[in-house]
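Take a look at the structures below.
Shared chain: subunit A. Partners: subunit B in the first complex, subunit C in the second.
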Partner chain A sequence: MGYNPDKPMEGRLTDLGPPHYEQFMPQVIKDNKGKWLWHEIVQPGVLMHKSETGDEVYTVRVGSARLVTCQFIREVCEIADKHCEGKLRFTTRNNIEFMVDAKDKVQPLLDDLASRGNRFPVGGTGAGVTNIVHTQGWIHCHTPATDASGPVKAVMDELFEYFTSMTLPAQVRIALACCLNMCGAVHASDIAILGIHRKPPMIDHKRITGVCELPLAIASCPTGAVKPAKAEVDGNEIKTVKVTVERCMFCGNCYTMCPAMPLADPDGDGIAILVGGKISNRISAPKFSKLVIPFLPNTPPRWPEVVEAVKTILEAYAKDAKKYERVGEWAERIGWESFFEKCNIPFTEKSIDDYRLAYNTWRTTTQFKFTSHVK
Partner chain B sequence: MPTVEHNGKSFQVDEDGFLLKGMEEWNAEWVDYVKASEGISELTDEHQKVIDALQEYYKKNGIAPMVRILSKTTGYPLKRIYELFPSGPGKGACKMAGLPKPTGCV
Partner chain C sequence: MAKHETPLLDQLETGPWPSFVTDLKKQAETKPEVYDILGQLELSYEDRITHWKHGGIVGVFGYGGGIVGRYSDMPEKFPGVQHFHTIRVAQPASKYYSSDNLRALMTLWEKHGSGVTNFHGSTGDIILLGTKTENLEPFFWDLTHELGQDLGGSGSNLRTPACCLGSSRCEWSCYDTQEVCYQLTLKYQDEIHRPAFPYKFKFKFSGCPNDCVAAIARSDISVIGTWRDEIRIDQAAVKEYVAGNYPANGGAHSGRDWGKFDLQKEVIDICPTQCMWLEGDELKIDDKECTRCMHCINVMPRALRPGAEQGASILIGAKAPILEGAQMSTLIIPFMKISKDDEYEDLIELIEKVWDWWMEIGKNRERVGETMQRVGLPTFIKVMEIDPIPQMIKEPRSNPYVFWNEEEVPGGFARDIDEFRARHKA
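Up next is the complex of A and B:
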């Protein structure tokens, strides 16, 4: 029965939840669920899991752009139909995994993937750079300070060899968020790319009355810069807000709550780079990423400054860190002053925390290293 | 921005059908106009009670009430509010009451 707009609630199905995952499992996964003994990475992008029943499953991981067409999905399905009894999965970093139940089925799958140009790069396993977790950007969101898909493509093009190899001290997670809502993983990634504004919101007094709940805009400000105010529009006095510019740090929260306070600006907006976050508990506890480069300009379509910065940090880390050491663990071991020196990043006052609990981030010891790092 | 006409009254609305000028332009014709698109066949006293509660709270506080406050003041649990307004308290009831469109990560 088709949807009848005159009787919208008739025949309406709701609260069904997602389909149960078990119905989409390949047979070998279903048979061996909860019985896996060990696994190994056969080659970059190919994993093998061994079950206590003796079964083996080979997983081929390929990169994806996350933002894909139905046509692309159909091609993925076609590959799965041909090699994997019509089953496949997506990873938590939006890679695609094809699974086969015997070793001799792996090579035909790899050959098929390779025959499709660069559409299905195999990799993303072990100590390399896997897919970049990213957001909407200029494709779909209304609060971004930068694009998502564009910079991600530019960075992954430059780091592609690290996707298809496992030569780093440990895995490096790169994430991008197009504003500091930080949808996704930038606050806890080895290298994080974050869209930032540098100008205060412009207040549209003409619209604000109808579209904005003023107390919400006022309460949304983390620094108390938004205050109630009066303004005159067409000879009438209206209630509105004002922004104390010296207190504003351009987070954009007020625009999220109030459409009449836009702050995006082509010259003001850009990208900050944060490093050293992780989410696993392996050896050291999870860490937040920390700001090391306060601003790089938006330079579409290839963002060369951002690509250069990410690559420089990655290469300095690859050269200097010990095996199993994540970027944050490396930076903390050598000391952040050495991190800035080795990565050749000029330290600015923007990296010094000044928000509420800032004190604990300052150095309360005489232990430090002299660096020859003067820019 | 589009203007809609209904029973001789015209309203300025945004692309989601919320009143651009809010309660300044709101009147009974607006409620009558909105109910069709919101899947409401007949306006009952219960609908009116929710609309009145929203408008009263907005006039007093400058914001729409939180869902729990709306439930508490009207005495209707969330389930009942959805039965009255199938699109829910935000998209359905607030639109009908002439409150600003809900914002944030919705």
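Up next is the complex of A and C:
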């Protein structure tokens, strides 16, 4: 039995949805759901939750590359079978969590993980850097301006000690999106690594008739830079589009709608750094990340400029911020002019908003600080 | 398929963080097409540009979402990735798994696909990276028949809903995020699998205002747990924190010497509403002033707990920047009970009201948050039949340009210019 291509609809099952979650929960989780009282991070990467029943669950959090193989998942299963009655979970930030129901089961699990080389780093808790949420990049996507897994590996190698320790003023959430579509919450991260394009789309007049709905391509442009046009292809006049390059902000939405308008380019593409976003409602309201470095080049395989920029910002923050203060709260308290100075980032007009609602970000008070920017 | 030289990628095999390159190489030993993935990625590292073609519509019969078509632009050089379609498989709530289930899924993926995956995609699905068009139906058959599992969403439809771990392992969750996520995912299978919306639509369920699934920044409907009575205080535990016997913030800062815990400085003074104070050694909270930011509870999890009258705030309209700029969700319903007992009646009614309206007036590729911006919040809440309250805004408008309705003005808008001129010469 199996799929029969001659009768594709016979015996077909659809709309089953995901399996029920309860069958996958460890017994101690099942028994204590809704009864948890408090928790404590007993060491970096190890959490203990206490239930009103007196039960405890110890969670060991492990970083992963997110881009993983069947072989790797089998190894994860083997660990879960050996220590965790065959159960495990993943976090929203691509960490793996192994749970055990007694303290004496923690060390054997940690020892096992440590025996497997660098495959299962324990950490990602508390006031540290946890795993980087990221996208596909050059491994699978058609619109990226940079790779994802490569820069993430390079940055995490450099920030590794912050993953395995809890020495920062608060948690720092780093995210990477390989283009402006921003799959993942890069727009609200403490430090965001964002792939950007800097050359307007080319127009493939030979293909555009076959692959694009011209009105959709024209309507896709948020600044009205894409306009109807005519061109000659093999001696025939065809309907096509043109791009007013001065109005192009390189968002790539036209390419999403029209495959005949590619804009990726080895020298045009690279990475922008945004900082100060957050999701949590703790103390201050959720914030968007702000653009502080408009462009860094793509330099595979280890993106040294990006790694250096992220590390510099992180360490300036670590040195200067108060306990509990997130990157964005710190920048707002000291003032953005001080942020640029303390992080040694040159300020350019590219950090001044000129898109919609830009005025909301212009300073309309006499309160400012005399940093080196004031000549 | 032969190995390719990958001198650039090989440099990503060193360093303390797990290496995806090492992992892919190991998988290639049993799935040779993975050599072509590595080869094409190496070429991208040399060329500094992607080698994947734009799009390609593929899927399984009867579904319009769940599979993303992908083709190499160098198929002669890398035949193993000529077709490299992505399959999104709906994840179980809170991403708990059994090893049996994961192994079965991996066996299926090695049989029908490349053996390469993401745990997980940004929306929350299990992502299976890379298979051929002819494998899609056999994979889907086996997935549904052998595993009883299903695809997630892609395209202009409801994307696979996601939740935090909720009360399964968190003391702060103000409702059962897993159960509502599971129930609504089942209820809206048609909306997940058959695109009928102007653009994508996301639900995310967070148990408390810490918002661990980023609902407020990423989901069209953000359901974020909260409470409306008093924070529960254990005064004895407060004393333990002050005495330094319990670690502040659950031990989150233990890697650095921040000095002795200072309740005044670290909690009372940082509280955004200044609603806490000490009377002797008793911690007092003026709960009606509290905006439930979670800071004090995060700092002293053994002493403070969310109130007992729990529910969720409903916010609508978050999205990433494409196109009109990023938006956070806007608070629409300050407090709603989220209970299985009434089968989530109120939430479902709200969701379907939003959809009915947005499907009618939303433009192609316009997220609901953008539609709300276009028509204005007053129009949106009128359509939703929700009364305006100050909780919906940060501050009142500072311009006087109100769109008055004719029925709000005595005598209406129709007037007689001749009668006006009889009294007012031009």
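Here, the second predicted complex is superposed on the first by the 372 of 375 C-alpha atoms of A that agree within 3 Å, B and C clash if a C-alpha of one lies under 4 Å from a C-alpha of the other, contacts with A are read in each partner's own complex, and residues count from 1 in each chain.
Following the convention adopted for this analysis, contacts are C-beta pairs under 8 Å (C-beta built on N, C-alpha and C of every residue); 3 or more make two chains touch, one makes a residue touch a chain.
None of these values were measured; they are calculated from a predicted model.
When the shared chain is aligned, subunit C comes close enough to touch A:Val186, but subunit B does not. Shared-chain residue A:Met202: touches no atom of subunit B or subunit C.
By the touch criterion defined above, A:Cys212 reaches subunit B but does not reach subunit C. Counting residues of subunit A touched by each partner, subunit B versus subunit C, the larger count belongs to C. Contacts of A:Ala102 after superposition: neither subunit B nor subunit C is touched. Of the residues of subunit A, those at positions 8-9, 181, 216, 257, 259 touch subunit B in one of the two structures and subunit C in the other. The touching residues of subunit A, when paired with subunit B in their complex, are 8-9, 181, 207, 209-216, 239, 256-259.
Every residue of subunit B that touches subunit A in the complex is listed here, in rising order: 14, 19-22, 24, 39, 58, 61-64, 86, 99-101, 103-105.
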